[in-house]
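A short worksheet on the structure shown next.
Naming follows writing order (A, B and C), and every chain is counted from residue 1.
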Amino acid sequence: MRVTVVRVYCTEGDHKLQGILKHLHDVEKVRGVTVFRGIAGFGASGKMHASSLLDMSLDLPLVLEFFDHPDKISRVLDHLEPQVEPGHILHWSADLNMEAE
Amino acid sequence: MRVTVVRVYCTEGDHKLQGILKHLHDVEKVRGVTVFRGIAGFGASGKMHASSLLDMSLDLPLVLEFFDHPDKISRVLDHLEPQVEPGHILHWSADLNMEAE
Amino acid sequence: MRVTVVRVYCTEGDHKLQGILKHLHDVEKVRGVTVFRGIAGFGASGKMHASSLLDMSLDLPLVLEFFDHPDKISRVLDHLEPQVEPGHILHWSADLNMEAE
């Protein structure tokens, strides 16, 4: 099955994750969603988000990854794009293994 | 070199990781394998896997990522698909830098 | 906007991350960079990098992910390839949401 994979880049400090996760879970029932915490990162602003053993950051990068049928993802992206800064949502096509394969 | 990238989605609780990792390492000698632990996630069942500082989950999402020549990956997928639930293996094409480039 | 996504695979033990991150941040001002730490992994050598609760590894896999315009990424890859072993840089095309979309 052909799917669209999405990665949304945010940080712990912008408090967007819970709302997006709830929408994907409760409303869209997206097929698979995983959230990863990065150990360092920066965006277009150049502001570095990082942690070290000495300096425990509470504003690390978070990446929300999910995938589903292209039509559903297109609707999800229409919903997410107004909530997330431009340049923070990446998507590409991939194949998902299904029963019939 | 053109390669196929694979991401296999499982959880700590399903105890599939070690067996798959051993197969990729000992039998197929796949070119590159990395395992990531997510901090939250859910699959088609909608069951949420998450951790917080207060509630230390032992069933977090695990993602196994690997890549190699498309022919080898095709053989690896034939081996993995019966072991993993449908809809939990994603793959797409990418370019890998090699000496000759 | 069409972008190229890159993933560079290194380990904590090879001490390459800081230099690459500094170059991407200070010189190229790449649009988005995130670093992830894996919990296990191995490369073409087959040497396993892993951690457990009992055995705290200081040589875990690190993945540096970034994306930008294909022309900029092509220049970045020319700079990175001599510093990183062959077979450790993966890249593919994706779409990035922008204001105008």
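Just so we're on the same page, contacts are C-beta pairs under 8 Å (C-beta built on N, C-alpha and C of every residue); 3 or more make two chains touch, one makes a residue touch a chain.
Just so it is clear, the structure is predicted and the values come from calculations on it, not from any experiment.
In terms of which chains touch, the assembly is arranged so that all chains touch all other chains.
In summary, the pair chain B and chain C forms a contact in which the copies contribute largely different residue numbers, shared numbers making up under half of all those used. Superposition of chain A on chain C using C-alpha atoms only gives a rotation of 120 degrees, nearest 5.
A straight line joining the Cα centres of chain B and chain C is 18 Å long. Shown for chain A are the residues that touch two or more other chains, namely 36, 92. Chain A makes touch with chain C in their complex at residues 9, 36, 38-44, 46, 48, 61, 63, 77, 81, 84, 86-92. By the touch rule above, chain C contacts chain A in their complex via residues 3, 5, 21, 25, 29, 31-37, 62, 67, 92-99, 101.
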